[in-house]
Amino acid sequence: MPTPADKLLREVPAAGGRLPSMAVGTNCPSCGVGLNARELRKQVYVCHCGHHFRLHAEAWLALLADAGTWQERWADVRGHDLLEWRLPKSYQQTIDQALQQGLNESVRTGTAKLAGHPLWLSVFDFRFVGGTLSIVAGERLARGLEQAAQSGLPYLLVTASGGARMQEGVLALMQMAKVNAAVGRLHQAGVPYFVVLTDPTFGGVSASLALLGDVNLAEPSAAIGFTGARVIKQATYADLPEGFQSAAFQLRSGQIDQVVPRTELRGRLARLLGLYSDAGRR
Amino acid sequence: MGQPHREQEVEERSNRSLLSVWEVVELARHANRPYSLDFLQRWAPDFIELHGDRLTGDDPALVAGVGTWHDRTVMFMGHQKGRSLADRVSRNWGMMHPEGYRKALRLARQAVKFGFPIVTLIDTPGAYPGASAEERGIASAIGTAIQEWFQIPVPVVCAVIGEGGSGGALGLAVADRVLMLENAIYSVASPESAASIVWRDNSLKVEAAEQLQITSRDLIAMGVVEEIVPEPVGAAHSDHNATARVLGEAIWRNLEPLLKQRPGDLLQHRYERFRYIDSLVTAHPEFGPKVEPRLVS
Amino acid sequence: MGQPHREQEVEERSNRSLLSVWEVVELARHANRPYSLDFLQRWAPDFIELHGDRLTGDDPALVAGVGTWHDRTVMFMGHQKGRSLADRVSRNWGMMHPEGYRKALRLARQAVKFGFPIVTLIDTPGAYPGASAEERGIASAIGTAIQEWFQIPVPVVCAVIGEGGSGGALGLAVADRVLMLENAIYSVASPESAASIVWRDNSLKVEAAEQLQITSRDLIAMGVVEEIVPEPVGAAHSDHNATARVLGEAIWRNLEPLLKQRPGDLLQHRYERFRYIDSLVTAHPEFGPKVEPRLVS
Amino acid sequence: MPTPADKLLREVPAAGGRLPSMAVGTNCPSCGVGLNARELRKQVYVCHCGHHFRLHAEAWLALLADAGTWQERWADVRGHDLLEWRLPKSYQQTIDQALQQGLNESVRTGTAKLAGHPLWLSVFDFRFVGGTLSIVAGERLARGLEQAAQSGLPYLLVTASGGARMQEGVLALMQMAKVNAAVGRLHQAGVPYFVVLTDPTFGGVSASLALLGDVNLAEPSAAIGFTGARVIKQATYADLPEGFQSAAFQLRSGQIDQVVPRTELRGRLARLLGLYSDAGRR
C-alpha cells in the first residue's frame, strides 16, 4: 500500500557522496544477469532482481554521509596480537596485511551529516576479519556512543559482522558488555539510536548492540541471527526453513522495525532523523 | 582401561597447576562437577526456586530463586546442567533459550525492588545454537540482558563455576565482581565453536583451546576476573562440600563490601569495570598470561 | 434486495440518534468504516510504521509508529482491521496477540524516552481468543500493559473509533482522555461473547448489546469517556476525510493542554481518572444513561 | 528432588484456623472414591488422588490466616444494579439472593497474620456470580492495595474468577484498570505482592492483577487462562491439547513461579513472607 510518505522518500537523493567503485564480479549471484559496473554503482549496488551486494565501509560512508561531512575519529586506535595467535595464520600478520590494504579495523567511527542532520556514524567493515568485534572496534564504538550521549547527537550504526573476534579471545567477548553499557547510557540520555543491519550480522554483534536501536532497519538480503545456519545444522541436525534468519524472518520475529531497500534507505533515515531529533519540534 | 588411573593422576596434577589446557577443559566439563543447584542447596537450604519470564516461557537451563544467605535474602541464578541423561535433556545441557535471559532480567528487577543482592553462577557451553532460540530472539535477548544488567542498582557477584561460553555466559555475567573456580574456563566461544569458526573444523578443539587463553590463570592475567577460587585436592568434582564452602566464602567476601556502596556508585563502578576491562592491553603491549594469579588464602 | 435501501435509511437516522443499539453495533463494525491507518495517513503523511516487540514477534493487528502532527512527533498506535479478506486474515480481524501489547509497551517506553505524546486508537472485537495467544501469555500481556500504561509519563489520548471490546481494548486504552466516535461501541465483552457467557447462547447478541450499555451515549453518561466525537452525515464510513478531520481536531484539542502538565501530575491524574471512574455510581444510585452527552461543536 | 527446604515446609501447620465444613458431594469427581467429609476437611479438601476441591472465601481465610487474626475491611461496600439488568435474571435479584445466603460479593479484603507475618489478604469467592470482578470487588482490592502500599505490609491475593462481571458492563471492565493501577503503586512502593491462583482464574481477572505478583503460585488443579476453553473451541474450531490452561501449562508458559499442592501452600507462603518481608534481614 503506497503511502504519501513513499513519495517523500523518493525525493531524498539516494547517495550523499559519490559511491566508490567496487569489484563485485561480472554476474549477479542471485539472477545471473551480467553486470554493468557503472550502472550498478548508480543503483547503489542493488541488482535489478533486488539482490543487494555487500558494501564496504567507504561505500557506506559515501552513501549515508552528505558529501564532505564525514569526520573520522580515533582512526589511530590500533589492535595488536594479545594472544600471540598463530594458527591457522598469525593474527599479527592478518592485521598487518589488512592495514597494508588500506583497511583500518572492522569499525570506523566519526561524525557526519545525513540530509543535513548532524549525527554520529559508525560502520562495520566486513573485509576486516569478517567485521568481527575486536577491542579496537569496541573502543571506537564505546567512545562514539559516550560522546553521542553527552552531545545529544543521534547515533547511526551500520552493521556487518560475523561476531566477536576469536583471535582476541575473551577480551573480544568483553567488548559486548563494554558497548552495551554505552548503548544503555545513550538510551538513558534520551538520544536517538538507529541501526541498519546489513548482510551478515551475527554472533557477538547481533547479541550486543545491533538489535538495541530505537529503530532497527534491515536491508532486504541481510542474514541476521545469533548462531550461523551452518553451525545450527551441525549442532542440531535440523533442517532450516527457507528464509531462516532473513530480514523478513527477523521482522516477523519482532526484532526489526522495517526492511528497507537500499535505494530508499537514505530517505527513510532522513525522515527518522527529522522525527526523532529535531529539537524544535519537542 | 587406564582411564580411572589417568583421571586420578589428572586430579593430583590439578592442584599443582600442571594441567594442559585441554585437561582443564575436561575438568570444567566433568560430569560430577558441582552444578548451580549443588551450590545453592548448600548455601541457602531455604532456597525457593522461581520460574518463568512472565512473557512466553520458563527456561530449565537457568535455575533462579531466593534464599537466605548470611542472614539476608539473596537472589541466586545460574546455568544448570543435568547429571542423568533425562536431566541433561530437560536442562538442555545448560544452554539457555531467550526465555532464560528474560527470566534472569525479571528476577534481577525483582531483586532491585526488594534490595536483594544478586549472585550469578556461570556454567554453559553457550546459548542454545538452535532454530527455536533464533525464532524467539536469542540475539536480542542476550543483547538486552547485557545492556540491562548495567542498570540493576544492587550488588551483583558472578562466579564462573564450570564452562563460561560466549555471549551465552556473558548474558549472565555482567557483575561488579567476577570470580572463577580454579579449573573453570571462560571463553569467547567454546573451543569446538572457535575451531569451527576459525578453521571450519571443530576437531581442532584442543589447538583452539590452547590459543584462546581460557583458563582461570589466563583470565586473571587479562584482568577479566577479580579472583581465582582454588578447588579442593582432586578438583571440584571430588568434593562438592569443600568447593561450595570455599566458593561461598569468596563470593561473600566480595559481596559484603558492595552492600555498603550507594546504588549510583555501584552502577558507575560496574560501568567502568567493563568499559576499561581491556586497559591492560594498552598498559602492557606484550600482553599475555604472564602475571601471577592471586589465589585465595 | 432492499439492503442498500435499508443501509441508506440507517445512515440517515444515524445522525438523529434514532438507531437501535444493534444498528450502532453494525455501524461500528461497518466494512467501510475508517480503520486506524485511514486516520494515521491523513493526520501524519510522513508516518513511519514501527514493527516488533523485540521479544518474539510482530503483531499485524496493531499498527504503530511515529509521524509529524501539529509540528510535533507523535507516537500513534491502533488496532488495525483489514478490508479485503486477505487483509482481514493477516490483520487477524484486529484481534491482538500478546506481541501486540508488548509492541505497544515498547513503543510507549520509546515515546517516554523522546517525550513524544501518544495517541491510541481502539478498534477490536477483543484480544485473540485462540490457543496461540494463550500459549504466549495473552492474559499477563494485557495485565502488564494495563499496569505499565499508568507509568508512562507522557500525555496519552485514546479514541474508540469502532469496536472497543473487552480487555483486548483496555490494554490499549489506559489514557488521560478517552474519546469515542459517535457510532463506536465500548464494552466489557463483545455482545456475542457476553451472550455466550451469560446465556451460553451467542445468538442472543442483540439482547446482550441492549443490556450492556455500549454506545457512546451510554459511555459518556457513565463517565467512562470524556467526549463523543460526532460522525458526518451518513456515519463515519460515508466520509473518511470528514471523520478524520473532526476526530483529529477533538484529539488534538484534548492532547494540547496535557502537553503542559508535569509528568508527575499527568500520572497522578491518570491514576485518579481510573481509580474513581465509577464514582458516578455512588453519586447517582439510580445510575443509567440519562445524562445528556456533550457533543463537539 | 527433595530439598532440605521441603522438610521445613512440612513443619508449618497446614491450616491457620479450623477449616469450615463444605459440601463437596459424596464422591471425588477425579478418582470416584467415596469421600469422608471429616477426613477431607483434615486434608484441606485435597483428595488422596490429588484432586483439589474448590474452596470458598471463608475456607481460604481459615486456611491462610492465623486463628483469630482476620480483620475484614470494607464489608459494607455494596453493589447495585447499574444497568437495570433483567435477562436472563434480574441482577438486583442475584445480588439480593447472594446476600441472603450470607455471601458478600466476589472479593473479601482485610488484614491478617500468616505464620505470624502481618499482611493484607484478599480472597475471591467463586460462589458470588462466578467470582466476577465487579465495582465492589475492584473497590475493595484497590483500597487494600493502596493501604498496603502505604503501610508496607505484603499483599496476598487468592484468585478464583470467571472474569469481569457482565452485569456491570463497561464499569466492570474499568475495574481492571483501577486495580492494576493500584498494583503498580504497590510495586513502586517496594511492597511484596504474592498471588495464589486457584481454579478457575480467567478473563478480566487473569488479565488484570492475577499474574502480576512478585511470586505467582498456582494450585495443581487450577485452570488458568484468558479465554475459556469452550469459547476458544467455538471461536477457532481448534482441538485443545490435554492439559491446556492447566497450572503446569502456565508454569511452562512462564506465567507462574511454582505449582504448589494445597497441603504445602501455607508453608510455602510463610517462607516467602520471611524471605521477602522481614525488615531485619535487609
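Note that the chains take the letters A, B, C and D in the order they are written out, and that residue 1 is the start of every chain.
Everything that follows uses one rule, which is that a residue touches a chain if its C-beta (ideal position, glycine included) is under 8 Å from a C-beta of that chain, and two chains touch if they have at least 3 such contacts.
Note that this is a predicted model, so its numbers are computed, not measured.
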(message) Can you tell me which chain lies farthest from chain B, using the average of the Cα atoms as each chain's centre?
(response) C
(request) Starting from the mean Cα coordinates of chain C and chain D, work out the distance between those two points in Å. (result) 31
(request) Find the geometric centre of each of chain B and chain D from their Cα atoms only, then give the gap between the two centres in Å, rounded to an integer. (result) 39
(request) Averaging only over C-alpha atoms, locate the centres of chain A and chain D and give their separation in whole Å. (result) 51
(message) Quick check on chain D: which residues sit in contact with 2+ other chains?
(response) 187, 211, 253-255
(message) Where in chain B do residues touch two or more of the other chains?
(response) 54-56, 102, 135-137, 140, 144
(message) Can you give me every chain pair that touches, using the contact definition above?
(response) A-B, A-C, B-C, B-D, C-D
(message) With touch defined as at the start, can you tell me which chain C residues reach chain B in the complex?
(response) 54-56, 98, 102, 135-137, 140-141, 144
(request) In the complex, go through chain A and note every residue touching chain C. (result) 1, 3-5, 8, 187, 190, 192, 211, 214-216, 251-258, 268, 271-272, 274-276, 278, 281-282
(message) So in the complex, the part of chain D that touches chain C is made up of which residues?
(response) 80, 82-88, 135, 138-139, 142, 162-178, 180-185, 187-188, 203-204, 206-212, 224-227, 231-232, 234-236, 238, 240, 244-245, 253-255
(request) Report the residues of chain B in contact with chain D in the complex, numbered from low to high. (result) 37, 41, 45-58, 66-68, 71-73, 99, 102-103, 110, 113-115
(request) Please give the residue numbers of chain C that touch chain D in the complex, ascending. (result) 127, 129-131, 133-140, 142-144, 146-148, 150-151, 166-167, 170-171, 174, 186-189, 193-194, 196-199, 202, 207, 211-214, 218-219, 222, 224, 270-271, 274-275, 277-278, 281, 285, 287-288
